[in-house]
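First up is the structure itself, then whatever we jot down about it.
Residue numbering begins at 1 within each chain, and the chains themselves are lettered A, B, C and D in the order written.
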Amino acid sequence: MTLELFLLLAAGLFAIGLYGALSQQSIVMLMMGLELMLNGVIVAAAAFWYFVAPGGTDGQVLVVVVITAMAVEMAVGFAVVTALYRARQVDMTDDAADLKG
Amino acid sequence: MGELPWWSVLLLPVLLGAATWAVLAGDAVLRARAAGGPGGAALVAPAREVARLLAGQRRTTVAADRVLGGTGAALLPVAALLAAAVLPMGERPVADLSAGVVWFNAMEVLAWAAVWMVGWGSNSALGLVGGYRFVAQGLAYELPHMFAITTAALGAESLRLTAIVDAQRDLWFVVVMPVAFAVYLLSAAAMAFWGPFDAPVARDVAGGAAAELSGVDRLAFVGGRWLLLVVAAAMAVPLFLGGGAGPLLPAWGWAVVKTAAVLALLVWLRHRFPTVRMDRYVELAWVVLIPLTIVQALVVALIVLGGA
Amino acid sequence: MDLTAALLRVAARRPHVLVVAVPGSAGARLALEAALVRRGWPLATGPADADVLAVAGAPGPELAAVVERIWRQVPAPRARIGIRTAGAADDALDAAAALLRDAAHQRRPPATSTAGDDGRDHGGDGDRSDRGGNGHAGGHAGGHDGRHGGRHGGDGGAHGGDHGDGHGDGHGDGHGGHHGHHGHGDMELPGGLPMADLGEDRDGLVLDRLHVPLGPVLPDWPAGLVVRVALQGDVVQEAAAEVLDAGRAAPSVWPDPVARELDALARFLAVAGWAAAAARARALRDGETGRAEALVRRVRRSRTLRWSVRGLPAGSTDVAALLEERLVGVEAATRGSPSARRGVEELPGLLVGAELAAARLIVAAVDPDTERAGVPREVRHG
Amino acid sequence: MEIVLFWVLAVAAVVFGFLVFRLNSMAQVTFALLASFLAVAGLVLLLGLGYLGAVIVLMMVIEMVVMAIFMIMYMMNPAGLMPMAMYHNKAGSMAISVGTFVVLAAGILLVDWPGRRGTPPPDPTVALGEALMGGQMLTMMTLGVVLFATIVATVVLATDRGRYDRLGDDLRARRADDPAGGGVGR
């Protein structure tokens, strides 16, 4: 177990998430991509805490912040999907981009 | 303090299995008596039930999601056993984690995923209704439950279960935090979809999430549910009832006696009350129970601060 | 040592029994239920949970077809019995237990052609190869239809305007297949499952709708009744009630009007999830109908039950009022003046707008008379 | 032992993460994402952060189960019975993400990371708690306000019924007109 291995894993998760966030049409799937990217950030933050500055707490606080960000992202994402769907019955980014449904 | 030796991991399923047997038999006797039939045969009912499900054929339905359904059924007993890892049996648990209370909560929440996956997996409308009902129930019971167990941790100023037991040497937490204990009892029944909270597997939807399960799948699901009930009841002992503390008997003896008492209470609850409709309980939980548990936590925090 | 045989022997002492009630045969059903209580055999919740399929009465052609379908869904080891008269219950149950215990019989390869040929609805073919090939169509409530359902694009990259053909009723916002796939025969799912369609829900979202038949084989469900509902989420949007083999059987003969009322009350209590009170009601029904009023008082006293059903809409009234009607019915019967029962035709109007759980309570509380002559073929609402 | 656990969990996290965009069934996709999160939670536990690991499990299970419900509500093909792809610009996204990974990996391998300073406290949970209630109090308060704002904003966005729908135009209705009743008799 080294810092580099953990960071490579984090980069891998981040890249997979990025691919999903960019390529998926469905808003829900897009949010899954974002979640995966944040997942990578958690790994990186925890690894930095352990391998660089275990005496401090910044890494841990960063994990807490990322978890909160995930929850907020999910909640707002689904609220927006619900509002969009109620108004126009779309759940795809391409359709939501049109000015008029 | 410390932890039990590694082989106690193997002992855990045996002990929990025995406790589960006792509850099952007790429940069957009560049922038989309510129906006016003979109660004696009910004592061996668990064995017959296990044999029946072991010999039973596994069945599937059209376009079933076997990956999720199978995972869900297997996950339920695993979650119960993992939650039990931090349970002090007598004085020492199998794994004395520093964040034991949170670990227990996290493992018990796995049941959400398990029940939903089982309900979804069978591709049947009634099964799915059962799965959804458990999610609604989870959203209702989980927050008061978290506040209740947080209050116990707050009282002991530690998330470690052995420390919580130690903190109750003079006074059981049930005396200091009765509201938290009552809420914990309700959520223990709810998390094992038991008693008045059995809507996810109720008869009105033909068994709900378990409607299409047979054979070994059903054994894992139903067995996991009973294990979860036993673990949730047993966890009330270190959290609120002073753990293994008591005169004469050894610590494990008291733990067993107290767990049996809590289980008896839960079995009685189920026979005494009809199923609570979730649309009613959800509002009660959010409008009444959450504020109550927060106030309870506040009171305990003040007591702890005053004592320090 | 033959482990399976040993397990079968142990298990055969306490099989779960799925009771199929036939209209007009309440006597056989009551005898069967009483025999099950004496033996301590539990009632199954559905075909998956059953070892013994017990048909109480002589089913008509429609119900018999349902029973065949249900039987195909019962996992081995299994046995099937038919009870025509009240006296036959114990013998039939013994025969079922013997079949379940018989490992050789349960292992026999599928022999569907011979099953039941002896004219007694008897025989348990150890049909191990039947892996749900028929997919629960109908019969067992809650068919397997499209929770996967609706809004199937049906093809890769389903968006843009490239679906002009065959979507005449589409809603015209780009997604072919996303909307309006009513009647697209080519859009059937694998396994021959029908797709869900769309409908507006009570929160103003247009979401999938499922068409689910409730009954005739559901726990604590009136004999022979089938309610076809369109569910959105679990809210009933349309309901149509019918009685299988309507008008075929003569109404059941009840020894005591109180027993009939208690039977209905027991069904309601069981659906409400109060197993202990339901068991008490059944015990009173089978014996001391004179003490029914104590049970009525106990039900009235239950705060939890009242809290659960009060204000739960059922058409223009609420479930609490329907329950009170039930309880008054019991009291009236004990005084020797049985009240009139509601008919099947009232059901759909009460059910529309209720959730599934509430719908079950409503059906149990109304307890429609499915045996009356002149039951209409089908009534719908919604 | 730890090395083995690390590799198992790391591979599981990546494989399940990849499956999220490969599986057809939306339900399976959701739980593949959950499995990826659980693997990461295992890694966090492995690093000695017992509390944060358990909290990740707790949060993510609840979040993914709720997510599964929304998925099935809004997605076109929740069970994946009809394989279908819903991508746009697949090649471009792939190129961008692979490029990102290569750049990140190069950075990770080339940068000379600082050595370890200090040792983990005996109970990192206590340290975290004291940080959040002490030096990082501002972070904690910001998170709290953000969460509260999220609750209000999401409810407003997602519902189509305001108080005038529930209580009448003059807000004087004695009982709110709700499609489903509540449990405290309002």
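In this text, a residue touches a chain if its C-beta (ideal position, glycine included) is under 8 Å from a C-beta of that chain, and two chains touch if they have at least 3 such contacts.
The shown structure was predicted, so the numbers you read here are calculated from the model rather than taken from an experiment.
Engineer: Farthest chain from subunit C, comparing Cα centres?
Structural biologist: The most distant chain relative to subunit C turns out to be A.
Engineer: Write down the chain pair with more C-beta contact pairs when B-C is set against B-D.
Structural biologist: Per the contact counts, B-C leads.
Engineer: Distance-wise, how many Å sit between the C-alpha centres of subunit B and subunit C, to the nearest whole number?
Structural biologist: For subunit B versus subunit C, the centre distance works out to 30 Å.
Engineer: Could you state the distance in Å from the CA-based centre of subunit C to that of subunit D?
Structural biologist: 40
Engineer: With centres defined as the mean C-alpha position, give me the subunit B-subunit D separation in Å.
Structural biologist: Roughly 26 Å separates the two chain centres.
Engineer: Return the distance between the CA-based centres of subunit A and subunit C, expressed in whole Å.
Structural biologist: About 45 Å, centre to centre.
Engineer: Using the touch rule from the top of the page, what residues of subunit D touch 2 or more other chains?
Structural biologist: 55, 66, 75-76, 79, 81, 86-87, 160, 180-181, 183
Engineer: What are the residue numbers in subunit B that touch two or more other chains?
Structural biologist: 63, 120, 123, 132, 279-280
Engineer: Identify all positions of subunit A at which a residue touches two or more other chains, and write them in rising order.
Structural biologist: Touching at least two other chains: 25, 82, 85-86, 92, 94.
Engineer: In the complex formed with subunit C, which residues of subunit B make contact?
Structural biologist: Those in contact with subunit C are residues 28, 30-32, 34-38, 41-42, 45, 47-49, 51-52, 54-64, 120, 123-129, 132-133, 196, 198-199, 202-207, 210-215, 218, 270-277, 279-280.
Engineer: Enumerate the contact residues on subunit A facing subunit D in the complex.
Structural biologist: For subunit A paired with subunit D, touching residues are 1, 3-9, 11-20, 22-26, 28-29, 32-33, 35-36, 39, 42-43, 46-47, 49-57, 60-61, 63-65, 67-68, 70-72, 74-76, 78-83, 85-86, 91-94.
Engineer: Given the complex with subunit D, which residues does subunit B contribute to the contact?
Structural biologist: Subunit B residues touching subunit D: 63, 65, 67-68, 71, 97-99, 102-103, 105-107, 109-110, 112-113, 116-117, 120, 123, 132, 135, 138-139, 142, 159, 279-284, 287-288.
Engineer: Which residues of subunit D touch subunit A in their complex?
Structural biologist: 2-3, 6, 10, 13-14, 17-18, 20-21, 26, 29-30, 33, 36-37, 40, 43-44, 46-49, 52, 55-56, 59, 63, 66-67, 70-71, 74-76, 86-90, 92-94, 96-98, 100-101, 104-105, 108-109, 113-114, 116-121, 124, 127-128, 130-132, 135-136, 139, 143, 146-147, 150-151, 153-155, 157-158, 160
Engineer: Within the complex, which stretch of subunit C touches subunit B?
Structural biologist: Residue list for subunit C touching subunit B: 4, 6-8, 10-11, 13-16, 37-40, 45-46, 48-49, 51, 73, 75-77, 128, 131-132, 135-136, 140-145, 147-148, 189-193, 210, 212, 218-220, 231, 234, 269-277, 279-280, 282-283, 286-287, 302, 304-305, 307-309, 312, 355-357, 360-361.
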